[in-house]
Structure formats: C-alpha cells, structure tokens
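Let me begin by handing over the structure; questions about it come next.
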Amino acid sequence: MIHMQLTEGQRKAIEAVNEFADKYFDEESIRQWCHSMGIPSYVYDAFYESPLGGYVLSKNAGGYDCPFLDRVTMLIEVTRRAGATLPFSSDMNSLAMFSTLRKLSQEEIVQEYAYTDGRIRFSQAFTEPNAGTDAQAVRAQISTDPDGIYLDGVKTFVSCGQFSPQTLVLARDPIYGQRDGGMSMWLVPINIEGVSTFPINTVGQEMLCPAAISFKHVKLKPSWQIQTEGKLNSMLKRQYGLGRILVCASSVGLALAAMDDAVAYAAEHEVKGRRLNSLPQIQEKLTDMEIKIRAMRMFVRDAAVAADERGSDFMLETALMKRFVPGAATEVASEALQIFGGVGYTDATRVSRIWQDCRGNQIAQGTDEVMAGIAAKGITQRAQSREF
Amino acid sequence: MIHMQLTEGQRKAIEAVNEFADKYFDEESIRQWCHSMGIPSYVYDAFYESPLGGYVLSKNAGGYDCPFLDRVTMLIEVTRRAGATLPFSSDMNSLAMFSTLRKLSQEEIVQEYAYTDGRIRFSQAFTEPNAGTDAQAVRAQISTDPDGIYLDGVKTFVSCGQFSPQTLVLARDPIYGQRDGGMSMWLVPINIEGVSTFPINTVGQEMLCPAAISFKHVKLKPSWQIQTEGKLNSMLKRQYGLGRILVCASSVGLALAAMDDAVAYAAEHEVKGRRLNSLPQIQEKLTDMEIKIRAMRMFVRDAAVAADERGSDFMLETALMKRFVPGAATEVASEALQIFGGVGYTDATRVSRIWQDCRGNQIAQGTDEVMAGIAAKGITQRAQSREF
Amino acid sequence: MIHMQLTEGQRKAIEAVNEFADKYFDEESIRQWCHSMGIPSYVYDAFYESPLGGYVLSKNAGGYDCPFLDRVTMLIEVTRRAGATLPFSSDMNSLAMFSTLRKLSQEEIVQEYAYTDGRIRFSQAFTEPNAGTDAQAVRAQISTDPDGIYLDGVKTFVSCGQFSPQTLVLARDPIYGQRDGGMSMWLVPINIEGVSTFPINTVGQEMLCPAAISFKHVKLKPSWQIQTEGKLNSMLKRQYGLGRILVCASSVGLALAAMDDAVAYAAEHEVKGRRLNSLPQIQEKLTDMEIKIRAMRMFVRDAAVAADERGSDFMLETALMKRFVPGAATEVASEALQIFGGVGYTDATRVSRIWQDCRGNQIAQGTDEVMAGIAAKGITQRAQSREF
Amino acid sequence: MIHMQLTEGQRKAIEAVNEFADKYFDEESIRQWCHSMGIPSYVYDAFYESPLGGYVLSKNAGGYDCPFLDRVTMLIEVTRRAGATLPFSSDMNSLAMFSTLRKLSQEEIVQEYAYTDGRIRFSQAFTEPNAGTDAQAVRAQISTDPDGIYLDGVKTFVSCGQFSPQTLVLARDPIYGQRDGGMSMWLVPINIEGVSTFPINTVGQEMLCPAAISFKHVKLKPSWQIQTEGKLNSMLKRQYGLGRILVCASSVGLALAAMDDAVAYAAEHEVKGRRLNSLPQIQEKLTDMEIKIRAMRMFVRDAAVAADERGSDFMLETALMKRFVPGAATEVASEALQIFGGVGYTDATRVSRIWQDCRGNQIAQGTDEVMAGIAAKGITQRAQSREF
C-alpha cells in the first residue's frame, strides 16, 4: 500500500497490534494455542484489557467509536503477527451481530444475555448442513404446543459453539416470525435439556474450535427471542456482509504473514551460491504475491468503507471481495510454502499452517460460487443506472 | 470503484470526456480511424481545443495544473468511450517526457523544437530491436569525426514515427554523454539525410501507427542535444514509469469498454429463453471481470499518486501495475468476446478490436517478465526497512 | 509425444504433409492467401492431386480407407506447416458430414449434388445467430403452401458460404421432418431466388471466409431433401463430434507452429548476452507450452480413436477435448508471441496471426461453457457404471 | 481414459488392487493408519503376500517381470482406493534404486544387506537441507584417517528413516568416489554410533513418516560402499526419474480418489432442490477435474513407457510430468473439497486429507521450478534434431 492510503486511525491500530504482539506472540506459543484449540485465559484477558479490545467491542460496550475500517485493520494486523486464525475474528463477528441488533432493535435482552464484562458470551448458530450462509435454506424449526415453544434442528460450524454459554439461533418460525417472513432469532443457553454440542475437526483454524449443535425439542422461554420487528432480513443481510469482511480481513492477515516469511526466507537463503531472491523464478513469485496482497487489501478496505456508509446496501462490494480474497490468500500461502521448499511442508515453519488456515475461508461465510450470483446482480444494476 | 474514491478532479475529467465523446465518437467513425491509422485533423484539433487538451498538455504549455491522477483518469475514460487505443496516449507519453525534461533541465531547446501551438511535434525513439525498454541495451551510437557529430542505429516501435517532424533519440555517446554514463539524447528532424522510416503493421492499436526509424551516418547539430546534466538516468527512470502508467491507463479504458459492452449484451440477449446474465457461467465471468477491473484501477491510481509524490522513486508501484494490468485487461476483453459468442470474433463488435488492442500493452513499455525483476527488488527493500 | 505413440499410418501422413509443404508453403504465400481470403486454384488442385487429398476425401469418393486418426494427423501437420487455418479443415468437416450421411442414409442425392471430381461442392449452414451448435435452437423454417415447399431463415458462420454452389441447411420442419423430431436437412443451391450471402469479417482464420446466408421464401425442390430416415439426431450428434475434433486438430497444428517458431527464436536470440532459452522465465514458458501441447494432442487422439470405435457415442471425449484444446492453443500462441516480444505483435512473424486464428476455435463448434454440460453428464454416468 | 488404452497388464493390476482393497481398506482404518503414521504389520504382510507384492518387488527378488507401467498402474490404483499416500510408494522408490543398482553394478552387497524376505530394509538418504534432489548440492562428506573411513553430514526427508535398519547415503567422497566424479554411496546401519534420527512432522503423507538423519563422525566399513564403477551419475539420473514417476503416480491416485468422492457427492446431494451435478458451476468443476486427471495419467504413462525403453534417457518426459502432475492433483483435490463445502474442510471426508497429501508432491523429488530447466533443455535439443 502506498503511504497515503493509511488513515491516522489505521496507523494507530497497527501500532497497538505491534505492541501487543511483541509482548504476547511468539511462534512456539501460537503453535501451542493451535494444538490446544484456544488461547490461554491470561492472553485473552490481556487482549481485552489492552487497546486492542476497543477495536473488537462495540461502542456501547466500551469499544471505540471508530470507522469499521480501523477495526478491520486491527484484525488484519493481529492475524498477520500471529500467522494464524485467531478467535478474535469470531468474537468480532458476534459483536458485529450485536451492533447490527443494537442499531435496529431493542437493547435490553441483548444487554442482559450477551455480556457483562465486555466479553462475548454467545456464539452464532446460523449455518446448517447443506445450507451454507443462505437464510432460505434454514430448516431449524420453531413450533408450539400448549406446553410452550420448542426448537428442533441442527446447526454446524458454530465457532466456539462448545464454550459460549449461549448461542444465537436462526430458525423457521411460522408463529413469532410472521413479521419477518417466517424466520426468528433466539438466544439459547447451551446447557439446557435437548441441546448437544459436538466438536468439528477442521483442516486448520483450530483456535476457532467450531462445533455442531443439535436441538431436540428444546423448550424456549419467550424472553429469549430477539425482537427483530420486521427487520430481520436487512439485519441478516448486513450481518452476512460484515461477517464476510471479517473473514477476508483474516485472510489478508494470513497472506501478509506468509509474505513476510517468504520475503525474509528468500533474502537469507541460497541455492548453489545464489540468493533465492535474485532468482527470476522466485522474483516472479514474490511479485505476484505482492500484487495479490495489494488487490486483497483494496477489496477489504472498499467493503469496510461501504459497510460504514451504506447500512445494508454493500452486497456488491462484499461479494466481489469474498470471491477474490480468500482464494488469493490461499494462493499466496501456497507460493510462500513453495519458496520454503521441503521445510515449508513441515511444522517447522508457519507457512504450512497458514496455507491450511487460508483454505477454510474460501468456504466460510459463502463460497466463491455463491458470490458470483450476488455480484452479477449488482454489476447489472449499476450498468443500468449508468453509475460510474 | 466505490463512490468516495473519485476525487472532484477525477469527476470533472470524466464529465469532460463524456461531453467530448458524445459529440465526436461513434463506432462507425472509430472503426474508420483504425482503418486509416489515425484520427482526422478536425477531431484532433477539437480535442486539443476542448477541455480535454488541458489534461494532455503540460502546465507550462497551457495545460492544467492538476494531479497526474486526473490526467490518467481522462485517458482511461476517453479510451473507454472510444473502445480503442487513441493517439492521445502516445502524445501524453511524449509530453510526460517533456515534463520530465522541464523539471530537470533546460527549457529553451525543448521550447524551440517541441511545440509552438501546444501540439506534440516529436516522437520518442527509445526502443531498439531485441532491447525493449532497457537503456542498457541501447546500441544506437554517437560518433565524431573532424566533420562533425554522427548518429547510427535503428529504433523501433516509435509511435507516430513517420508523422512527427522530430524524434527524440537515446544513444550511446562516449563523448557528449560522459556525465550521463555514456548516454545522450538528441532531438533529430526526420527529414534529413540518412534518416529512413518504415511503418510497422501491428495486430491492433492502429491509431498509434508505430514505425521503425533507421539512422545511417546522420549528421547532428550540437544544438539538438538535450542538456541532461548528469540527470539522464533519473529522467529515464521517471519517463519509463510515466510511460507505464499511461499504457496501463489505456488498458483500463479498453477493459472498461469491453465490460460495458459485455454487461449490456448479457442484459439484452437470451439463450433458450434465459437471459444471459441470469446464467451462472455468465455471472461468474462478469464477476471475475469486475474484480479484475477494480484491481486494475487501484494499481493505476496508486502508481499515479506515487508518481506525483515521489519524483523518480515509484518503480515498485509501476512494476506491480505493469505486470498485472495489461494482462488482466486482455483477459477481461477475451471473456467479453466469449460472452458475445461467434459475433464477438467478428468486426461487428468492438470487443474483437479491444481484445487485439489489449494484447500489445503486455509488451509495450516493458514486458511482464522484466517487471518481476524490478518489483522483487522493491519488495525486498521494503521488507528490510520494515515499512508497512 | 513419445516415439512409440505414432502409428505407421500417422508417420506416413506426416511425411506426405512435409513433402507437400516443402513444395507449396512459404510464409510469403501463406500471408498472401490470408489476405486474399483463400488459396489459389493451382495449390488447391495440387493438394487434392497429392497424397494429402486422400486424407480429406471419404473412401467412396476415392479417399483412403484409413483410421480417422490418420486424417486428423494430416490436418494437424498441414496446419502446423502453414501456421494458419486452412480451408481443408472446412472441407474435411463437410466431408465428415458426407461420410455421416453415407453411413446412415441414401447415396444418390449426395452423389448427384455433392461432388463430381472429388471436390467439396457444398457448405454447411447449421449455425444461426444466438444459437451456436445447438440443434434445439434452430429457427430456420420449412413451410408449404399449394405452390410448393419454402425455406425461411438466417444461417451464419457458413465456411465458404459464398463460394460453394450448394449449402446444406438444417431447418425446423413439421411436415417432412416428422420422423426426425420436426427437423430436416436440405441441399440448397445458393444462386436461386431468395438466397443472399454476406461475408463475415473475422479476427482471423481468413481462409475459411465465413458468410451469413439468408433465405427469404426460397422455393425448394422435394429432391433436395436429404433422406435422414429418423436418424437425423444421431447423424447430427456424430457430425458435431467430428466437427469438434477437426477444429481441435486445427488448434493443435496452430499451437505446434507457434511452438516451433518460439523454440527456434529462443535458440537464436539473446538478451544482454544471454541466449533466451537459457533464461529461467523463458524456460518455464517453453516447458508449460510443451505440457499443454502434449495434453492437447492426447485429447485429440483419444477423441479420434473413440470416433472410429463408437459410432455416435463419443460425446464425453469430444466435450473434454473441445473444452480444453482451443483455449490451451490460444495460451500457447500468446506465450509464443510474448517470447518474440514487440515483433511478435506485428505481421513480421507468424505468431501474431496464429494467436488470432486460435481464438476463434474457442467459440467454433460449441463454446467451452456448453462443453461442461455435456462432459459432466458423461462423467456422472461413467461413475455410476463404475467403469474405470 | 478410453478403453483401448489399458493394456491387459494394467487391467490385471487394477483387479488385483481392487481385490486387496475390498478386503483391507476402509476409511476408518486408513484414518487410523495416518494417525499412527504407518500401516499395521498384518496389512503390510498381507500386501506383500498378495499379488500386489509382485508389482513392488524387483524381478530377481521374486517380483513380476512386467513393464514399469504395470507397477505404476498398481500404485495409482492402490492409492486411489486408500485415498492416502501409502508407504508402498516409498518402498517402490527404494526398490527402484535397487533395480537401478542391479542393472548397473554388483549384486552381492545389495543382496546381503538389502533384504531377505522380499521386504525393503533400507531407506534412501539423498536429500539434504537446502539441496533438494540435486546431487551437485550434496554436502555429506566421506573422509579418512589412519583409523578408518568416516561419514559426516545431515540428510532430510528420508522416508521411514527411523524404521529402516539401513539407509543408503549419497556423499561427497574424494577418495573412493574418484571414478564417480567425487561422489559415493554407502549402505549404513542406523543403530551405530554417531547416527541420530529425528522425525519430521509434515502437513500430510503421514504414513511415509519422513525423518532427518544426522551423521557425526560415523565410522564406515569398506564393504558398505555400493560399487558404482563410474556409473553413479547415470544411476542417479535414472533413480531420480523413477522416483518422480512414482511420486506422480501417487498424485494421480490421490486425484482419482478426490474425483471419485466428488462425483459421488455431487450425484447424491442437493442445494435448494437441485442436484449438485446439475448446476453449471459444479459441472464446470467436474469437467475441468476430469480434463486434468486424463492429462495427468497420460504424462505418467508416457514417462513410465519411456523409462522402460530408454535406460536413463527419459528426463524430458519425467520433467514435463513432474512439473504438471502434482500441481494439477492439488487443484483437483481442492476443487473436490470445494464441492463438498464446509464438510470438505473437516476430517469427516477424505478430500481434506487428500488435499493435504497432494501438496507435498509438488516439492518431493524436485520442485516445479527445477523441472522447467530440465525440460527446456530437452525441448530445445529435440527441435534441433527436427524430431517429431
């Protein structure tokens, strides 16, 4: 990125990250955190007590009143320094949900259940098997009988689903969801009867510890429903958009980490007496990686700015971003791995882990294939309005 | 591009282009101009008399005192409207040379020879067969004998080389080029003895009408030498950088034209009763074209801003841009052609011409391969300075 | 290809081509033939009188009784030597039609109208605007009134449509086409009332001189109908398959020509004192070109063998081939052009023409997009039959 | 592959694999074997006692007298059925070494040390850190003093390096390696003083359990030297070639497994009521995967046939194959993973493991980058000999 493109806010976010990372991050620890599928409490606490916490928390929970771009910049840089997908990206996603709710609906329920000390207390149970990020395909179902309200269904890829005391469930609901096209949202404790959680072993991104949650005839209290007041659709639209930006920010951070390592490795190692970074084949790799990274940053930045400016109408920007960024990040990581050679395929380097982490983001929050449908609509509309 | 990213200056440039193009451009005329390898005098005059001229001319020749980005924006948009490579891109390249000279050396000679009425009077004879844009590889040679100073050599891909009364020649020169590492530059009339010009038939970009120029024992006047005062190297560096930006701006304009046509075609045509833009395969194409175009624009904009801010030190930005943009433009044009199907392969559409024009820019002003060497150096240096 | 993979028949075909090409082909002539959109009569005659004619003509018209693979090999090699799309590929396509007819229906009509001296006398008018190679989308229409039978419609991309005395028209036909799902085929003279032909200017492949033909209330004689006897569908299926193989053979020949030129150029030219073929970037290009060419050959060979062995059931092989080969050929040609640098973008080399010719084959005989649908069906069926 | 292309020998190999796999392979076991980094003894024994053993063992050790292509076919199919990299690929590589030795040098030593019951008893210690598969870069060193012969150095990526009782070491050797350009080979027991082994944790391919082995002043017996008699160079050349073919065969098997799973998944699952394999985007993926797999098979087959026919002169075929196949296999696996969606990124499917296994083969036995140099030489030579 050329100098001018970093705002003062972004610079501050980067400095705060570097200060925190210098103190808490080293490769040995990161590897251990991946292995144990989570970061230790004291680091988690330190994060929220440090200036970084303010970029995760929403304003009314004590967070900064800053552009979304600053929050995104923090996530990019903290991921870059860790060289791994951090649970904070998932926290930010939940808090994005939270900010979405705040903007559009009532405060009390959220406040009561969601947090007390600024920590995330709920996971998001939106995705279902064979459904992906598509509200239309949701099959979890609310039903009533004289006894009460019941929830049945299965959710999957719920980040921290086993460890968050509540989970926010999206379900079909012909009764309470009438004003929202037959859908409703509920904040459900996971320690009640009928709720079971199962860990999911993914290829990478271990710190997100995703889970499947099944709900079998789970009795719900009416107060657990989130009052969406006919705005659920636009809330979800915005939430998916923000979620995509955060996933892509994480991808950019991972790609930057791979790039940092590859550039350093190519500057230090030789083959047959020639420094790696003087070989045309390595130079082409590094150049194409840099090209991809700059483009990735641009798409994330544009989408973040659009999210700030346009409520829930930034689908074109997020779809283009989501289609491009995660795949490009995997490519960058794969090239970095290749520059390392054999050792890149082992756990003696970060690049192998980064490559594995990157791959997951090509699926999370909507596949590349789904994005084309969304983007093409936006492209056609813009053409018809002859907008620049 | 998202709304916020267009400056006021850019908006004005776009409006000026649209006004001009509405008046002078139609596909029938453009095709005719390509066929006759040049635009008619009255259009050429109208262009320079219109507000657009101010974006081409340098400030002290009556042009605007505006950011380079505004000039670039004008070139993008005028190329987009024409759907063809216009000779103005070549004029701008020569005038960039002129502004480079002005900044760094004497004014008189340039003023005397270069223009009187704000028009470009000289072409640039830098490239040589088997040399490309590499000053090191120049073989044109200055020599002296008691009779005078002589120039021998062959230059190629000189835009408008047959029609400009003078040409600016870069040559090896052990005598007058001592302060500039053995190189010097001369403004040579093409109607003198020993100078011969030959047209080059290119695959596209006909309006640039490139020529080869051979110099056989051409006697030079001392006053024709451009006084570079030991700054030739940084002048050339800047000039190559500006030239690359202009070529890429032209590529972006061509890609936008292809995109405009493809989006319109896909919105209007059907296959088996389904509108083209509702087919997933077409949607993926349009989405990936849009992704490429946004990335292309970003690289050109970043390089243009860097050129304004950093004298001759914007090689990394231009190398990344030059490696990415022209190739991506050809891909966009090729996909547009594919969306049109059979008719896209004929002269009944603009996309076939655009595709042919685009290909040339992957070679002009330095190939993709050369750019990797330049960029890799910049990437490594930045890493060592731990710059963001 | 490794040595063992050429059959004796293929070797003979290659030798015959080389003998003919040594005598009649030189770049100056080829360029002239492209410019004048056809090869001179004496070369055309010499071709059919040489052993090469036997590979074009069907057996009962005096051609060889040889595997289709040998015919394909001849076409690959003759195209390779010319470095241009030759009209013989179009002749072979028509004769493939002819062999299809022979196999499946009556002989007399064909014999009477189609040829006397072994030369092709008819073009194929199958494709329509916005229809491509899809029989379902045909709109040309047969109708009757008390006066007679009439044909209305427009056909496009009819190779040699202006110069062949007859054209074979595929049309909707509720009357005479009852046994063939409402379609029929007619051999129509083009010099009769109501038939008009219009040349189409394509980006390349000039020697094919494609035309559009419009039929306005053209009165047909009953004897002009081709008796398809309920087998039109499988005839068309086979014909499209053969046509795709021939287009791909032409692509392979073009790619080989580009490769030959690029390898020779890289062996002869230097940049800064280093031979081009010793530079890693050029080595990677040449290697990837060779990889593509070998894969291309394999797909064409497999499809040609399948065509011989399986009647009309070789759709999977032709679809995979058609999706891969023409695009890969364009890439090979584009890389060859890049190796030549600036001169590759001019008419001083064959590679620029080859690149332009190649592009058309990505559309001809069914686009890449259409092929995926056909191939996926075959892939799924094979999996279900647990075939290897 | 079309039917005709399988020889009788290949068919038999495939049948033998299917019989064995039906009995011993199920996904639960395979996963367990990966986890425990090796297959259980009883399966290993059963393999060598089954007809499959004959494809691994060399002829004079009781193996079949069959074309190398049959052995390769067995490896492809057994890997396909397992959906994982099996240790037999490594055994075959060692036995290829063994067959290379047999062909070219003495038998006794090999027989004494290498096997008794037809099992592989030695690993290959060729690769070194920062050296890859390049004999020139070897630094392990033989030295002598009055006491005896000593070996110092470090080898890496030695498959089964911790479990094989001997390891075959390639070292610089100014004394005993005089006739072989200063290199020699030694079969060294790993349980003697000065030898230490360290496991390497790779991203995938766990059953190969690679190790690093360090040799610190290890005293060697003269009888451990392999008598190479001035033929070491051509032995190594052949050995690298065979090793590359085996790695690529493993890649093909992995890609086929991913394809099998993806085709089945797409035939069974639906999205919004539409079967996956009826969606154009999935159809394009499946088609392109099939195209890659057919090309991959062809390159492996051509190289295997060339290895049989040409002693040590099949570098061009193996270099083209090695550059293309492993990368294409990773792409196929990645697309299969994408078709599965979220579940593809978890250990609930084979495709995630296959994707991780595939990546390693892009580095093993020589990177894509190294192959270009080798291939380009072969391409240029062939052009100069005007061979077809």
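Chains: A, B, C and D, in written order; residue numbering restarts at 1 for each.
Heads up, the rule we're going with is that a contact is a pair of C-beta atoms (placed from the backbone, for glycine too) under 8 Å apart; a residue touches a chain by one contact, two chains touch by 3 or more.
All values derive from a computational prediction rather than experimental measurement.
Asks: Computing the C-alpha centre of each chain, which chain sits at the greatest distance from chain D?
Replies: B
Asks: Does A-B or B-D have more contacting C-beta pairs?
Replies: Here the pair linked by more C-beta pairs in contact is A-B.
Asks: Roughly how many whole angstrom separate the Cα centroids of chain B and chain D?
Replies: 51
Asks: Between chain A and chain B, what's the gap in Å when you average each chain's C-alpha atoms?
Replies: 42
Asks: Hey, what residues on chain B touch two or more of the other chains?
Replies: 280-281, 284, 369, 372
Asks: Please output the residues of chain D touching chain A within their complex, sorted ascending.
Replies: The contact residues of chain D facing chain A are 127, 129-130, 132, 134, 136-137, 156-157, 200-203, 269-272, 281, 334, 337-338, 341-348, 352, 355-356, 359-360, 362-364, 367-369, 372.
Asks: Which residues of chain C touch chain D in the complex?
Replies: Its residues touching chain D are 1-6, 14, 260, 263-264, 266-267, 277, 280, 282-284, 286-288, 290-291, 294-295, 298-299, 302, 305-306, 309, 317, 319-320, 323-324, 369, 371-373, 375-376, 379-380, 383-384, 388.
Asks: If we count contacts the way the header does, which residues on chain A are in touch with chain C in the complex?
Replies: Against chain C, chain A makes touches at 279-281, 284.
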